[in-house]
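A quick write-up on the structure given underneath.
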Amino acid sequence: MNNYDWEKALYLSILDTPLAAWLSDFSVIIKDWKSRIHHAEQNKWEKQLKKFPRTEVTTQSFGDTVTIGSENDVSSNAQEHLRSVLKCYMPWRKGPFRLFDIDIDTEWRSDFKWQRIQHHIPDLKHKHVLDVGCGSGYHLFRMREAGANQILGIDPTTLFFYQFSIFKQYLRQENIHFLPVPLESLPATGAFDVVFCMGVLYHRHDPLTFLKMLKSQISKNGSLIIETLIIDGEPNEVLMPRERYAQMRNVYFIPSAEMLRLWLEKVGFKDVEMIEKNYTSTQEQRSTEWMTNHSLVDFLNPDNHKLTIEGYPAPLRATFVAST
Amino acid sequence: MNNYDWEKALYLSILDTPLAAWLSDFSVIIKDWKSRIHHAEQNKWEKQLKKFPRTEVTTQSFGDTVTIGSENDVSSNAQEHLRSVLKCYMPWRKGPFRLFDIDIDTEWRSDFKWQRIQHHIPDLKHKHVLDVGCGSGYHLFRMREAGANQILGIDPTTLFFYQFSIFKQYLRQENIHFLPVPLESLPATGAFDVVFCMGVLYHRHDPLTFLKMLKSQISKNGSLIIETLIIDGEPNEVLMPRERYAQMRNVYFIPSAEMLRLWLEKVGFKDVEMIEKNYTSTQEQRSTEWMTNHSLVDFLNPDNHKLTIEGYPAPLRATFVAST
Amino acid sequence: MNNYDWEKALYLSILDTPLAAWLSDFSVIIKDWKSRIHHAEQNKWEKQLKKFPRTEVTTQSFGDTVTIGSENDVSSNAQEHLRSVLKCYMPWRKGPFRLFDIDIDTEWRSDFKWQRIQHHIPDLKHKHVLDVGCGSGYHLFRMREAGANQILGIDPTTLFFYQFSIFKQYLRQENIHFLPVPLESLPATGAFDVVFCMGVLYHRHDPLTFLKMLKSQISKNGSLIIETLIIDGEPNEVLMPRERYAQMRNVYFIPSAEMLRLWLEKVGFKDVEMIEKNYTSTQEQRSTEWMTNHSLVDFLNPDNHKLTIEGYPAPLRATFVAST
Amino acid sequence: MNNYDWEKALYLSILDTPLAAWLSDFSVIIKDWKSRIHHAEQNKWEKQLKKFPRTEVTTQSFGDTVTIGSENDVSSNAQEHLRSVLKCYMPWRKGPFRLFDIDIDTEWRSDFKWQRIQHHIPDLKHKHVLDVGCGSGYHLFRMREAGANQILGIDPTTLFFYQFSIFKQYLRQENIHFLPVPLESLPATGAFDVVFCMGVLYHRHDPLTFLKMLKSQISKNGSLIIETLIIDGEPNEVLMPRERYAQMRNVYFIPSAEMLRLWLEKVGFKDVEMIEKNYTSTQEQRSTEWMTNHSLVDFLNPDNHKLTIEGYPAPLRATFVAST
């Protein structure tokens, strides 16, 4: 387990795949990333990572709760200590995870979303998959459960990279990797069978450019699964919050379903289909012991949960599948 | 007049202005531009440019018809020849111009637009002005008439650069310059008092990114004058043509006036004001001897000029002024 | 054997070594190399490479004659054909090789040189070795025979890369690699235990710069083995041929042994020792069936083999060992 | 005199010369130079520069003592203060200068060297001249006296740039410029009629590369004037000091005159001629009030001025002229 090197593991993973053609790009990206500090806490996170128990895990399962190891794999002292170390990586947003029988109850029940979409997305068996904006990587493990052969998650949030790294150190043999960079940093590989992008589009001020970039990652006859905020509205309608939306800054275009379909077609996607639509519930997104800040309930109008605190329609999210 | 060099003239022009800080960027841009051929006809245009009469012009005026020289400045043989040379630079879109008493009747009566806005825009006297998407440069001359001290137009269309160059060779002393590049190529100078951008925004698939780029060119307490297609619609409305719009490809977001205002504010502009709104008439945009392709009348529904041939609302254009 | 990929093999080889830190540099170098054609015959060489018999070799030995496979590994038809294919890769300079029992009698008996130096160089067992100017790679195999663990040869001559590739395709399991680039292209790795550089220095017009570059490849307490032309002369003496030397263009500094020692010390080497000195004989360098151009005998004064045809002292070569 | 900008002055100077083609390169070089601090004292030097008297100089002459202004141009208080400010720019190596009647007695009597060569070098009248390693710029002024039309000095030593800037601020109309960079930074302009390089070659560990770079600056039928240390020796001889030479570090190749001639011819110069040779005297190079460190007399063997303190032959300098 010592000296686990995620960079080398990624290279080894891609050497026999179409991604190998981009190895020089990946190596430049990683060299650049490693040359700078990206967050004030990064050194702490890096150091703590080395303090996790060095042990082999005897059990792992990537079901609704992504479960890695059991309490039997570590001493009870170690388990106790582990809980406090895991808290150093707060806030925990996407999950749930269970590590050595410690339950990490994340802000999001990301399993809910997976349950809603899993039977409507293309078969992932043996596929090469990219997840753009993968957060802690929860869905990467679900994609593995669904049979994907090679899985790459990217997310520029440094904390999420370290959250993922905690789990990955016990799963070295799994062909799941994480690059802590934004989509802009990747070359246009056209090498993935399936690209996921959930919860990102409304944060982009250039949605068409972003959709084009997603398309440039997908191979011929591949698929995009994209989830974003939408509004119930006419084909011509798009909501752009003046300041914040449900307290989030940096929210730009929230299109109607038809407008989003048009965007997807405009940049060249085919067979666009909405596979689920769902008002986010306060059961799915809420504060927990592992994410103690405000959460959805605080961002809705207390008198009318159909509106955000700013008076906009409450968060309605939909997932679309589209083909290249 | 021999060996007129627009590059040196531009450098001389900026050496004593805030733009001087960006001289290295400009020189790299121009070096790069000169290193490649941008259009199959470029060599022809370049060569023809050297065949224009070498003479001093005895008259010039930058009124509704931008007038340079008179027939007395050239022999009648030369004038005859000149007409056929000017036709090599067709299609002529923005004007009208009169060169040595030859009238160039362009597709657009760009003087109409100037008449509608000229009394509603900030005083240009002594100002440094940038015109993004300046076409043949017609409005650059009008800005000079209005007193601007230094005027730079940019437009990536190679033909327009050569159309402008025809006139500029007779106006070497005028502090008006043209860089044949898109806005993306410029560094964020923050050095212009006033930036114009007319007829460009709806061609961009990333309108917010583009508005930010425009803002990055404007100095503190400067102004943007932006003209674009809009729709008569609700604040939340934006039209995105599925394929073509009035036969134009590459038309993306056509917002309502309120949506455009919101965009401008979202990227940080203040005091946004719509100064004119106008359905384009077939008197303002039409085929002529100097632009013999189809024009507006062919792009409208023949039975209902309130609709484009594709069934969208007919072109409605508005101009906004906003401050930084 | 199909789809043998030397690039991936190199990456796999370095992933667990100090060179791994330079993987991004190597990948950029190779991407760049692959993006261009380097020689008019390159496509032919590349194509021919795919026509070699696809077979496993049952024997290999890296002694004085580097021997790969036997006639029993291929049909006699194939062997016949093979000889003519190998001739497409002429001239063969460094060897000798024996491939499927075809003897490639190269211009140089490079085994002579190896015999002179092999007992005077540092033990290569388990070492990481770089050979700068490795030609066809003959000595790379000898270094392997001597126990080196990882061996990289570099040489910018495209033909030599393909000569090496012929052998390498039958020796995929051997940790021997070839980068077809000059020393300038490598980053300063400081990662090799031993660096060889034989027959290069006199072709450099900047010998000190070159020695510094060699030093920058060697790890702490590592060794350089450098062979070059010298003159019998005083410490202050250096011969610089006015035009050609033994018909070679691009010969610059030919120092006395003491001058070379001073250069090595000047750039920071220690424990400089000359381990052999030898007038090149016409037995060691001569025309053969596999190199039909003129060779040494033609470059010497016919009446006095102590002089070159230009009147300079005949080629005297010496090998030095030095430490970092 | 306020806001004197050497960068703009340089651009203006080259806009109408063959150097104009390299303006983008110069602007990138200068932008890069300005983006960093090059010496711990640089800010002080920069600030002091603004404290020099703002006055017009009533006299200037570029004879043996380069003389700028007279005591009548400034108040006696100012003159007093000026002396102490000038001392902030010590050590003063090349001169002599006289500024507002303050004599700056520099370490080198650079006028001696000029006297030895001035009648043997090509006519500088109307020439474009480059001086590589120009120091404080003393010889730039002498070249102007000799009629050169445009003069550029380059030297990477930051102090020398500021010494030059002191004088240049009073000589804005003179077409003399200084770029504080090494020769490597310049593009190969081939644009200078005459290139000087005095006192640099022996500091280079790559003399042939350096001579090639010098050649790449010279136009067709242009001239090089190069001065360097030589030894009295045979054509094959070159002295390379083991450690220091006359206490200087970084001394590499000191060739015999014939060897230097060969180098010049080897890189393509023609008509090589030695125009002077001279053992440096302790009258020409010595400590003064303006350079209080050790000087030549301390670097020679006290018992035998024909040897350096290290036992090498004492400094013998020669100047060569060569043509392209």
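Worth a mention:
The chains carry the letters A, B, C and D, assigned in the order they are written, with residues numbered from 1 in each.
Following the convention adopted for this analysis, contacts are C-beta pairs under 8 Å (C-beta built on N, C-alpha and C of every residue); 3 or more make two chains touch, one makes a residue touch a chain.
Remember, it's a predicted structure, so these values are computed and weren't measured experimentally.
Relative to subunit B, the most remote chain by averaged C-alpha coordinates is C. If each chain is reduced to the centroid of its CA atoms, subunit C and subunit D end up 44 Å from each other. Centres computed as Cα averages put subunit A at a distance of 50 Å from subunit C.
For the pair subunit A and subunit D, the distance between C-alpha centroids works out to 62 Å.
Multi-chain contact residues of subunit D (touching two or more other chains) are absent.
A ring topology is adopted by the chain contact network, closed into one cycle in which each chain touches exactly two others. For subunit D in complex with subunit C, the residues that touch the partner chain are 205-206, 208-209, 212, 233-234, 236-240, 242, 252, 259, 262-263, 265-266.
Note for the complex: subunit B touches subunit D at residues 8, 11-12, 15-16, 20, 23-24, 27-28, 30-31.
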